[in-house]
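The following pair of complexes shares a single chain, subunit A, combined with subunit B in the former and subunit C in the latter.
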Partner chain A sequence: MTYYLTTVLVYAAVDILACLAISLQFGVSGIVNFSFIIFQAAGAYTAAVLSLPRDTANGGFQTYILGLNLSFPLPWIAATLVGALLAPPIGLVVLRRLRSDYQAIAMLVLSVIASLVVTNTPAFLGGAAGLSLVPQPLSDKFNPYSDGYLWAYTAGALVLAVVVFFIAQRIINSPYGRSLRALRENEVAAKALGKNAVALKMTVFVVGGAIAGLSGAILVGFITTWAPSTWLYPETLILFAAVIVGGRGNNFGAVLGALLVPVGFEEATRYLPPFGPPGLIPALEWVCIGGLILGFLWFRPRGVLPERRRVFAARPQPVVAGEPNAGRD
Partner chain B sequence: MPVGTDPVAVTPVAGQPAAAERPLLVASHVSRHFEGVRAVEDVSMDVLPGRITGLIGPNGAGKSTFLAVLAGTLPASSGTITFDGDDVTALPAFKRARRGLVRTFQLPSEFGQLTVLENLLSAAPNNRGDSLGGALLGKRYWKADEDRLVEQARILLDRFRMSAKESDYASSLSGGQKRLVEIMRALMLEPRLLLLDEPMSGVHPSIVGEIADYCEALRDEGLTILLVEHELHMIERMCNPVVVMAQGSVIGQGTMTALRQQREIVDAYLVG
Partner chain C sequence: MSLIVAAFGFGLVSMSIIAISAVGFTMQFGITNMINLAYGQVMIASAYAAYAVNNAGVSIWLSLPVGAIFGAVFSFLLNRLVYAPFQRKGTNLIGMVIISLAVSLVIANVMLPIVGYYSVSYHQNPGTTYHLGSIALTGEQILIIVLAVVVMLVIYALLRFTRLGKAMRATAANPTLARNCGIPTARVVDLAWLITGALCGLAGTVAGMNSDSFSVASGSEFLIPIIAASILGGAGSPYGAMIGAVLIGEMTEISAAIISPEYKQVVAFAVLVLVMVLRPQGLLAKRGALAAAG
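Moving on, here comes the complex of A and B:
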């Protein structure tokens, strides 16, 4: 039971992180990053190959680069950095010149290319078989199979999700967040008002990439395996569905969406009695995800928790001398 | 440089003092082509400081394209644009805006899901929270700037009698109110040259007069305006000089009264 609960909660933390990143990029800034999953994958692979010993250590049953056997938290820090550093080259190609609909297509293509490259170069990151036996953080000091370790890992993941939530709150409630929203609403007008659209998009792309990288590190540290089948491009669509359902541009909406769709919805289908031919239920899950996106875009496009309206405090009323309440309150 | 230099013969500015004024903006032989379509062809003109210069012409004359090229929204195919003595031809739109060359748009371009007050604040420069680093440092780091700019925006809202709408989403406003928001938003940048692209089109007649009043008041305070507009009675009332474009080129300039006397301009545009 402990393993089940902690697994659900760690997945929840990872999905919350991913949805916060997508909400910043898509919900706040209007960047349709359909390659999001490759940032999470980059973080996961980075954490894995930095935590693992050399690929000859386990009898050579898997091949990969590096294998530096670094101690926690270095692999997680590196994963966050790699997620961030992956953003500028992709952003420079995709965000600078392409319109948002073409950006989405280019991102999707990048996601497919990345998956094919990793799958077909086994010496790089283990190919289609992926990586396994990834050491869990601090597993040399604590028993990673104990309940205490599982709960501590879960708590750590949730704390990181909370920290990132507050960072995202700072961003969207700031003048910088307002500029990102202005850019989302009308990029040409925003540029004509002095906004450097490329720089704005690039910074939020980097922030989203860093969060995605961290989420990948948390996940691979818990499940100890990572392979191309875990980061196919449809995974990004589930996260987009979550943000659309929860409410884009609202961090509370992103959290709610993460809990409702990738966690809640997928867990709920686990308890369905088996019916139909094998593979029917997973296929129906995808139908439901697509239906959710279409349904919300049609009937409630701003999600369950829409982006909130920013109302500024009223300016203080001038005090009129001689009025009965002058100077009070 | 006179408006509309070669190859188009241009009339001298009618009714203007002869004293030499240093132009705030000089467009020299500016062209903009789209895949062989010559939307703007070899247009030269000066915009003198402290005036409202009108830019008129029939639909498809290239006025809005020319305005977009001046603002940097579209790059020029050829020619140079000098703003306050500096060549800004190669500068992107956001850098020109930061120098005080600010435009509005022919179609409403409000930030729909931002409130009216946020629309104004989004244009305001010099806010320490308007960067990723500033945002991460938290509200205490940028609150003073924000408070100052909110006050500045509210003064504008009072002036344009839009205070009651400050917390409304811009998308919920009427066409005329959206135009006012665009003008106020541009004013938050404290521009030196405001390029207004048909601010009175599709607007209720009562607001047309209001917009004209605001433009004249801003001019009297020293703001330079280049106004593209089809409301000729307003152009006549507000603008001097007026430049006429047709088929991508300048065909004349002067006061509206003087332009009405020129047969080729009347034929090209001022019918009736």
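Moving on, here comes the complex of A and C:
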């Protein structure tokens, strides 16, 4: 029971982190990052290969690079950094000159290709079988299977989610967040006011990548395995569905979406009596995710908790005729 | 060396399949200004439609039109029931991309329980193998190449010499102006979806014929060389897509011979990245995938 509850909560924390990142990129800035899941995967793989011992350990049944056996929190910090550092090269290719929908397509193709390359290169990150037996953080000091450890891990994950939530909140309420929204609403006008569109997009791309990397590290530290099948490109679409349902551009919406879509779906199907041939339920689940996106974009494109409309008072106008300076400050 | 020459022969077949599909894909973009990411899934659905007929005992060449008609009707309905309503509502470009990806997911997962998870292959007779130096092609592969050439000529004639083709080009260039000139753009768009859908269905079936087997998962695999060829040629330009198909088809097959067949898609992707960095408008288009100046 403890295991079940903590698993649900850790997944919730990871999905909340991912949805906050997508909300910052897609909701606030209008970047459709269809390769989001590879940032999470990069974080997870980084944390895994840094905390695993050399691949000759455990009888050498899996192959991977590095294997530095570093102790917590170094792998998590590195995962966050790798997530952030992955963003500039992708951003430089994609965000500079392409039309917004081609940006999305380029990233989608990248996501497919990345998974293909990792699968076909077993010596790099374990290939199709992936990595397993990833040591849990601090497992040399505590028993990672005790209830206390599980709860502590969950608490840590949730605290990180809350911290990132407040950071995201600060970002969207800052002048920087305002510039991002201006860019989303009207890129030409924002540029005309002297905003550097590419730099603005790139920073939010890096921030989102860092959050994604951290979320991957948290997840792999808990489930201890990671393989290409966990980060196929449709996984990104689940997160987009969550943000669209919750309300893009609104951090509360991102949290709500994370709890409703990825977590909610997983838990709902767990209690469903099995019916039909094997594989029917997962297929129907995907149909529902697609349907959810289409339905929400048609009936409620701004989501359950829409982004707050920001209205700024106009400057006071001169009121008294004949006195040109009246009302000016 | 003879390996590379043999690969060149396979490249001829690859480029034929990519050309048929990429021309349809790029014309959908040119005329409707949206990227239909469900294209690969419609291809695979059409391949299965042809498989149903083929499995009932009909020759694969007679099943081919079934695939094409299925693709045409499917694409037409997809536009009428999903894409066009969203576009009328004023959904922006990135909204449409998300919608088409969601549609692609729905199609794939509705198909899965119906056609099953295992790959299938057509009942076909590849015919005798013809040799020319190191190039060895089956009779069927040669017919696929001939079919592609005929289709390209038909598309060229359609766009160049018919009123419909002229109307399509006008609609692609400026829909508002075309409408104001009295061109029934709604009907032109409907016809465009039927024609491109037929190309999509045809390409799906031909791709199924050329590979040993196919499954629902093949849909997203098809899409990468198509996207690469379209963007390389210049998104929205049918002739560009033909050139792109020739280049991508040969490059992927020759690299498969030199490096490894597993990295075919990676080579297509590398080309895509180069084009996006150096020339986002592609070889032949003015705009292509380039963002509006601002």
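Keep in mind that, in the parts below, the second predicted complex is superposed on the first by the 310 of 329 C-alpha atoms of A that agree within 3 Å, B and C clash if a C-alpha of one lies under 4 Å from a C-alpha of the other, contacts with A are read in each partner's own complex, and residues count from 1 in each chain.
As a convention for this text, a residue touches a chain if its C-beta (ideal position, glycine included) is under 8 Å from a C-beta of that chain, and two chains touch if they have at least 3 such contacts.
Quantities reported herein were computed from a predicted structural model and do not represent experimental measurements.
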Worksheet item: Looking at subunit A, does subunit B or subunit C touch a larger number of its residues?
Response: C
Worksheet item: Now for A:98: first (subunit B), second (subunit C), both, or neither, which partner does it touch?
Response: second
Practice prompt. Quick one: classify A:270 as touching subunit B (first), subunit C (second), both or neither.
Written response: neither
Worksheet item: Where does A:311 make contact in the superposed view: on subunit B (first), on subunit C (second), on both, or on neither?
Response: first
Item to complete: Have a look at where A:191 lands relative to subunit B and subunit C in the superposition and call it first, second, both or neither.
Response: both
Item to complete: Classify the contacts of A:171 with the two partner chains as first (subunit B alone), second (subunit C alone), both, or neither.
Response: first
Fill in: Footprint overlap on subunit A, where subunit B in one structure and subunit C in the other make contact
188, 191
Worksheet item: In the complex of these two chains, what residues of subunit A are touching subunit B?
Response: 167, 170-171, 173-179, 181-182, 184-186, 188-197, 203-204, 207, 307, 309-312, 315
Worksheet item: Residues of subunit B touching subunit A in their complex?
Response: 71-73, 92-94, 97-98, 102-103, 105, 109-115, 117-119, 121-123, 125, 127, 129-132, 134-136, 138-139, 142, 145-146, 150-151, 154, 166-167, 169, 185-186, 189
Worksheet item: Can you list the residues on subunit C that touch subunit A in the complex?
Response: 34-35, 37, 82, 85-86, 89, 91-99, 101-103, 105-106, 108-110, 112-113, 117, 220, 224, 227-228, 231, 235, 260, 262-263, 265-266, 269, 272-273, 276-277, 280, 289-292, 294
Worksheet item: In the complex formed with subunit C, which residues of subunit A make contact?
Response: 30, 32, 34, 93-94, 97-102, 104-106, 108-110, 112-113, 116-117, 120, 187-188, 191, 233-234, 237, 240-241, 244, 276-277, 279-280, 283-284, 286-287, 289-291, 293-294, 297-298, 301
